[in-house]
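Order as written gives the chain letters A, B, C and D; numbering starts at 1 within each chain.
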Amino acid sequence: MISEFRLTRRVQFHETDAAGIVHFSCFFRYMEEAEHGLWRAAGLSIAPPDAPVGFPRVASSFEFQRPLRFEDEFEVLLQVTRKSTRSLSYRATITKDGDVAARGALTIACVAKEAGQPMRSTPIPPDIASRFAVAREAAPEAPPAPAGAEGRR
Amino acid sequence: MISEFRLTRRVQFHETDAAGIVHFSCFFRYMEEAEHGLWRAAGLSIAPPDAPVGFPRVASSFEFQRPLRFEDEFEVLLQVTRKSTRSLSYRATITKDGDVAARGALTIACVAKEAGQPMRSTPIPPDIASRFAVAREAAPEAPPAPAGAEGRR
Amino acid sequence: MISEFRLTRRVQFHETDAAGIVHFSCFFRYMEEAEHGLWRAAGLSIAPPDAPVGFPRVASSFEFQRPLRFEDEFEVLLQVTRKSTRSLSYRATITKDGDVAARGALTIACVAKEAGQPMRSTPIPPDIASRFAVAREAAPEAPPAPAGAEGRR
Amino acid sequence: MISEFRLTRRVQFHETDAAGIVHFSCFFRYMEEAEHGLWRAAGLSIAPPDAPVGFPRVASSFEFQRPLRFEDEFEVLLQVTRKSTRSLSYRATITKDGDVAARGALTIACVAKEAGQPMRSTPIPPDIASRFAVAREAAPEAPPAPAGAEGRR
């Protein structure tokens, strides 16, 4: 069973914006890249060809503390924070040189995929669910605040 | 004073992913596109050349309820939900044919921009702050839940 | 029969990069957005659900002359330049305030889509091919130079 | 002096589209990622803070032969093909398991960056130009055809 994954990554130029920093939408992509790394480390692909189930994103959030810039090297620590019959939740902590740049959260649900049908919630198949465990050691600091909370700067 | 903005938009092919739906990171871009439309409707640009202040994103979240697909037409209703000395918060409601596809939130802060210096929090200039007001009529349903909350599907 | 399409578009912040201009990869997306507008104007979708054929991109190029910046309004003129049994080619001219910002080209091919099979070239179905005609009036200036040619600045 | 660089990379989910393959615009980003790796291997950054010169893209093209899919591992071989006083050109060969997926080309120019001024062509500074050499061994097969050429499928 696996409960966390560390991705080391460098900021690419196309991820920056005219403010000279990584566009905030890219942090959600970084978190997802780490998630897919977690699944590969668990011996799985989150989207194999012709899979009978899929894992759409149900909710996601980020709090941004320090900007990242072109060519910065950073780390994404992704940890499983909750596992239920039909969904998985993760926390992402993005750091650069040991300082937190951003903290994110992501919840995904399992759905049955039938051609031409709307997505339908379904339990996570046991051979997938059995690979993941909730991380025992939480990240040292508090989890992301509610999305509507005021920025702290 | 302005407190909300409606953006009508069509899903572009490059915004879809191999699951056949809009990638979740693009919803954050849709919300920001509506925000910049709100600022233009207020007679402002959020990032004019050589501006002494900037507005980095402090926190952002989305809850996803229904997927969007290639060529879907949808609407983003962006509403100001909070205005403080140094930050602004918005709520976004993304609908397609009247059904809610996703609900988001975004908080931005005002920072002074000095070349080679780290960003420094500063009050929103009065000629900017005076253009925005909190939306009186909230969206009919509850605001987005905390980011760590379980998905509802 | 349709042979050209004009798309008016505004630069979004997430399309800019740390050089303060639109990232070059986004021009290819602008060209494709205009292509899909051309198809819709022809009464078609280039990627309807469960279509038996698809239209992968075979070759594409751009020459860049003037940068576009955040909130610039620009026009994409897309013109059909060649129509063969199995492929279509377009030229794109991107202008801002009447000045050419970039010139592009795109060739797409028709392939049969069979689940789990590699793409296989196939003739464009007649009810699609019959909707498009090569633009009679070419853009006033020379077409894009070969991709390997030297930049002209 | 350096004349080529090899980047190994995995396809990320957000780079795929509803056709189930990597969106063609992402290949241009892959080529640029390899270019910036080449510069780092030469001891340089292509966009250091407060640099007096910049390197906008002047022309770029790709020919696509085989699609890439989610989680595919691929290699980008980037080679310097031309070096002039004011510009550099590269060729990119993207392969997966030894098979060519796509071939690209990119030309960049050197410009002086002055705040509020249009970009102005300028010679590449000697301490930059001296780091790069044209690749002696060309890629074994023909360079990309002109952008307007017919697709070969």
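The working rule: a contact is a pair of C-beta atoms (placed from the backbone, for glycine too) under 8 Å apart; a residue touches a chain by one contact, two chains touch by 3 or more.
As the structure is a prediction and not an experimental result, all values here were calculated from the model.
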Longest centre-to-centre distance from chain A, chain (CA-based): C
Centre-of-Cα separation between chain B and chain A, whole angstrom: 21
Between chain A and chain D, centroid-to-centroid distance (C-alpha), Å: 29
Residues of chain D whose C-beta touches two or more other chains: 13-14, 18, 21, 25, 29, 32, 47, 49, 69-70
Touch-based graph of the chains, sorted into line, ring, star, complete or other: complete
Sites on chain B touched by chain A in the complex: 18-19, 21, 24-26, 28-29, 32, 47, 54, 56-64, 67, 81-82, 84, 86-87, 89, 91, 104-105, 107-109, 111, 119, 121, 143-153
Interfacial residue positions of chain A with respect to chain D in the complex: 12-14, 29, 32-33, 36, 40, 45-47, 49, 69-71
Touching residues on chain A, where the partner in the complex is chain C: 13-14, 16-18, 20-21, 23, 25, 49-50, 69-70, 115-116
